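Following are the structures in question.
The same subunit A turns up in both complexes below, where it pairs with subunit B and then with subunit C.
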Partner chain A sequence: MRLELGNIDIREIRFAEKSEIKDGVLYVNQEEIVAKVLEDDLIREAHLDITVPGESVRITPVKDVIQPRVKVEGPGGMFPGVIAKVDTVGSGKTNVLRGMAVVTAGRIVGFQEGIIDMSGPGADYTPFSQLNNLVLVMEPKEGIKQHDYERAARLAGLKTAAFIGELAKNITPDETKVYETLTVKEGFEKYPDLPRIGYVLMLQTQGLLHDTYVYGVDAKQTLTTLISPTEIMDGAIISGNCVSACDKNTTYHHQNNPVIEDLFEAHGKTLNFVGVIITNENVYLADKMRSSDWSAKLAEYLSLDGVIVSQEGFGNPDTDLIMNCTKIEKKGIKTVIITDEYAGQDGKSQSLADADPLADAVVTGGNANEVIVLPPMEKIIGTLDFVNKIAGGHDGSLREDGSIEAEIQVITGSTNEMGFNKLSAR
Partner chain B sequence: MKKFRVVHYINQFFAQIGGEEMAHVPPEKREGLVGPGLALKQQFGDEAEIVATVVCGDSYFGENTKQALEEVMAMIKEEKPDIFIAGPAFNAGRYGFAAATVTKAVKEELGIPAVTGMYEENPGVDVALKDVYIVATGNSAAGMRTAAPLMAKLALKLAKGEAIGASIEEGFLPNGIRKNFFDKERGSARAVSMLEKKLADKPFTTEYPMPNFDRVKPNPAVADITKTKVALVTSGGIVPKGNPDHIESSSASKFGEYDITGVDDLTAETFETAHGGYDPVYANDDADRVLPVDILREYEKAGKIGKLHHLYYSTVGNGTAVASAKKFAEEIAKRLLAEKVGAVILTST
Partner chain C sequence: MDFWIVTNNERVREKYATCHIVFVDGTDRDVMVRLRDLVHAGHILLTHPLTGSLKPGETPFRSVLVTDAPTEKVDTFSLQLIETCRLALDKFRIRYEGLSKSTLDDFREVDLSLIDSAIPRAMADRSRGRFE
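Right, the complex of A and B next:
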């Protein structure tokens, strides 16, 4: 499966009469997008805002971050099974709006949303401070349940991103990159001497607002399976997650999965990147055992020599992580796992809820409990009403001057377990 | 600016008194720097000055530890130092033991920044790893050139009250205290390169060595539950409506103790969850789903259990450090024992 990604650099976002992309500037007609969002009668009110890297702006509570992309050639459309019809994506051509994202924000669940600071110390911890963001702030209809609102907000974000992506359909990319996954047979023939490497991508599926969707299917009701990495680039996996902000994989993280990018980078040189195994993180022991059995079985079936396992969330999924790791190791396949840590604010506690000596190669995204002080910002997009309540905050997190003392857990993407960031810990 | 006063501790060998044959010499104090103090001085520049060097034979210290430590401490105290440095001891075991012992004592008794340095396998490491910063050195004196500047730099930072970075940045041996830092490459690239090394059987360093876990053996079954007082304890965050103790939604710093005397059923009007790790709708709708007071009241009336304890304990087990959980549990257990509770139902989410 071969996919050509055409990157179009977006230098600036501006509100305008007509939604279009011209010379690296995205023009957005706010009314047009708001009207689309309000088609869902669970959403009472919506408006857009624009943020620029370096500004004194705080966005909170952040729900999801999505990169607008559009299929230019080849089957399927963006977010297949959710926005576009179900069809296998991942081949042909896709245009990507690089340097920007759609951020959904507003009062959603109250607990698990995050903070994006566009400047100051907090900005160093989130990759989204480096992007031009189109922020969609929503208010739900009174009295609706959290999970109904979550779904409405999720779809509104995807719809907005897909709409903006469409504007890039006929734009000539600034840079084009080609990604190709070979069949098993082709791989063996082309790279007989290179180690065969797979990627076990763990998807958060604990349920109760901790869900991920693959081609529109709730992944907690799936068995571990194979997917081409280019399908993921085309929006086959989306986030429906309200886990802690720091280590949830937003839709943007899936679209730009760094493990996939870095394995493609080494593909054909030092290793043969065979493919991706997606597996879930369910709460029942039987599910955990079955899913990790299948991860190991598929890794063996693909004749892999080595595997990178990435996690999402923490605590309960630590058991899935360790099961995946140990079962794959016991097949004689070497593993590296990517996780993050909850070592306490003083860094003195054990970092994971499960452990095994076979997990001898660990990459960490850092200790999510480490405390940071975020200075006040001139402009708040969304509301500060939940700062004391979100995971990583505490009563008194929000100080009178508008500064926030909290764990880095509150910052969207700060300890990402796909290895998106440079943050680590020792 | 005032220069920091530094006292340096070295053994008889580095003071050029002699090797093993002179290891019995008792402590002595010399003015200014001696031997390896020169390498420290270069790093200190104008900011600090070695005012005295305490020298002690390794065997003397090892064989008369209590007395030797007293003598050495007296000499150090006299100098009223701002900073104390011992070694580096490299892989010399008895020297490492002495350096670690003195460094720990200085930090604890004098409350001043105290740093030592040695090879990771030096037995001295176990003496003070959790107590003081031990700079990682090579296993022989050839490592002086890299070790001395790291030790001096770290000591200066401590003296100035500057933030100390992660072990890998500062050069000290990992002491089990996890500290964040920004690495050169992103995590995914680090994972790919770690996997390539592992596949090629080349040495690699895990970023998180697996911890040893406590395993708790279950108690024997309760002899007669119909005569036993049963208590409810939950990490599912069930609290009286309004969360009066402000228990955090994640990384809880406290637990709550709540009276359920006369409560037969938890309702949406009276109880809710403070937990941030799951969809609260169903727990808020009927908190008995997480904390089964209703069923236990029925059991109590039917004589299936002796009694439901009138207090329950609640915290949030979401991103909460194990050390915090342990602390809560110790206190909760104490209170339960005092109230003669014979069995506990622990509910999580």
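Right, the complex of A and C next:
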């Protein structure tokens, strides 16, 4: 499967009469997008805002972050099974609006988390502070059920991103990159001496505010399976996850998965990137056992020499992580796991809720309990109502001057377990 | 064989009134203690005690499934799991005091949704007469 990604650099977003992309500027007709969002009866009110890296702006509570993309050639459309028809994506040509994102924000439930600061110390912890963001803030109709509104807000974000992506269909990209996955046979023949490496991508799948969808299917109802990495780039996996801001994978993370990016970079040079195994993180323990058995079985079936396993979320997914790791190791396949830590504010506590001696190669996204003070911002997009309720915050975390003392787990993407962060320690 | 729902969430008790409910009139930590006692008595955990990715101390509600008939031997997997989960829980400060009614309702709904995802599985296992 071969996909050509055409990156179109978006330097700026402006409101205008006509929605279009010209010379690296995205012009957006606000009324047009709001009208599309309000087609859903469950959404009472919506408006757009634009944020620029470096300005004094705080967005909260953030639900999802999505990168607008569009299929230019090849089968299928963006977000298959959700926005586009369910055809298999991942081949042909796709245009990407690089340097920008659609951010959905606003109240879903009364304890929501997720902060993006566009400047100050908090900005260093989230990759989304570096983007030009089109923020879609929504308000639900009174009295609707949380499940229904979560779905409406999720779809509104994807619809907006797909609409903006369409504007890039006939634009010549600034840079083109080609990604190709070989069949099992071709890989053996072409790279007989390179180690065969796979990627086990764990998806959070537990219920309201904790779900992920693959081609539109709620992934908690699925068995562990294979997917081409280029399908993921084309929006085959989308996030319905609203909790655990620091270590949930937004749709943007899936579209730009750095593990996949790096494995492609090394493909054919130091390793043979064979493919991606997606597996879920369910509440029922027998599901965890079955899904991790299948991860190990598929890794063996693909004759892998090594596997990278990335987690999503905290707590019970630690058990899935360790099950995946130990079962794959017991097949004689080396593993490296990517997780994050809840080691207490002093960093001295046990980091994970599960462990095993076979998990001897670990990459961490950081300690989510680390305390940070976020200075006041001149402009707030969304609402500060939940800051005292969100994970890592506590009563008094929102100070009178508008600054926030909280753990870094309140920041969207701060300890991402795909390794999608830029801070590191030596 | 059957399963029990150990919960402190009234919404779970109402929705699954036809199931065997062990209602804990207390906090999420009290639910954990009750679970530990049940595991020590030979019950087997069917769902993970750290239910979702809401952090311990953030939500006051917790619902977990166990087998109804105690085995003669303590299930070591369940024992290890409940003890590591209790340790994990103790790392977090309680932040759910003084929440508004509507926020508490949201937390009840999320807890219900998490256990909703497991109950069809448990019912299927019950009907074939075997929990793994």
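Definition applied: the second predicted complex is superposed on the first by the 419 of 426 C-alpha atoms of A that agree within 3 Å, B and C clash if a C-alpha of one lies under 4 Å from a C-alpha of the other, contacts with A are read in each partner's own complex, and residues count from 1 in each chain.
Everything below uses one rule, namely that a contact is a pair of C-beta atoms (placed from the backbone, for glycine too) under 8 Å apart; a residue touches a chain by one contact, two chains touch by 3 or more.
Bear in mind the structure is a predicted one, so any value in this text is a computation, not a measurement.
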| request: Consider subunit A as the common anchor and indicate whether subunit B and subunit C clash or fit when overlaid. | output: clash
| query | If you stack the two complexes on chain A, which partner ends up touching A:Asp293: first (subunit B), second (subunit C), both, or neither? | reply | neither
| query | Touching A:Pro258 in the superposition: subunit B (first), subunit C (second), both, neither? | reply | first
| said: Going by the contact rule set out at the top, does A:Glu166 touch subunit B (first), subunit C (second), both, or neither? | reply: neither
| said: Just checking: does A:Phe420 make contact with subunit B only, subunit C only, both, or neither of them? Give me first, second, both or neither. | reply: first
| message | Per the contact definition in the header, classify A:Tyr342: touching subunit B only (first), subunit C only (second), both, or neither. | response | both
| request: With the two complexes superposed on chain A, say which partner A:Pro317 touches: subunit B (first), subunit C (second), both, or neither. | output: second
| Is A:Lys248 contacted by the first partner subunit B, the second partner subunit C, both or neither? | second
| said: Let me test your reading of the model: by the given contact rule, A:Leu209 touches which partner, first (subunit B), second (subunit C), both or neither? | reply: both
| Which touches a greater number of subunit A residues, subunit B or subunit C? | B
| field | Which of subunit B and subunit C A:Glu55 touches, first, second, both or neither | value | neither
| remark: Residue overlap on subunit A between the subunit B interface and the subunit C interface 109, 111, 146-147, 206-210, 243-244, 314-315, 342, 344, 349-350, 369, 389, 391-395, 409
| note | subunit A residues touching subunit C in their complex are 109-111, 146-147, 204-210, 220, 241, 243-244, 247-248, 282-289, 313-319, 342, 344, 349-350, 353-354, 369, 389, 391-395, 409
| query | Along subunit A, where are the residues that touch subunit B in the complex? | reply | 109, 111-112, 124, 145-147, 195, 197, 206-210, 242-244, 258-259, 261-263, 265-266, 270-271, 305-308, 314-315, 334-336, 338-339, 341-352, 355-357, 359-370, 388-395, 407-409, 416-426
| subunit B - residues contacting subunit A, complex | 166-168, 174, 176-192, 194-196, 198-199, 204, 206-211, 213, 246, 248-251, 253, 275-282, 317-324
| Mind pulling up the subunit C residues that touch subunit A in the complex? | 45-56, 58-59, 65, 81, 84-85, 87-88, 91-93, 95, 98-100, 102-103, 105-107, 109-110, 113-118, 121-122, 125, 131-132
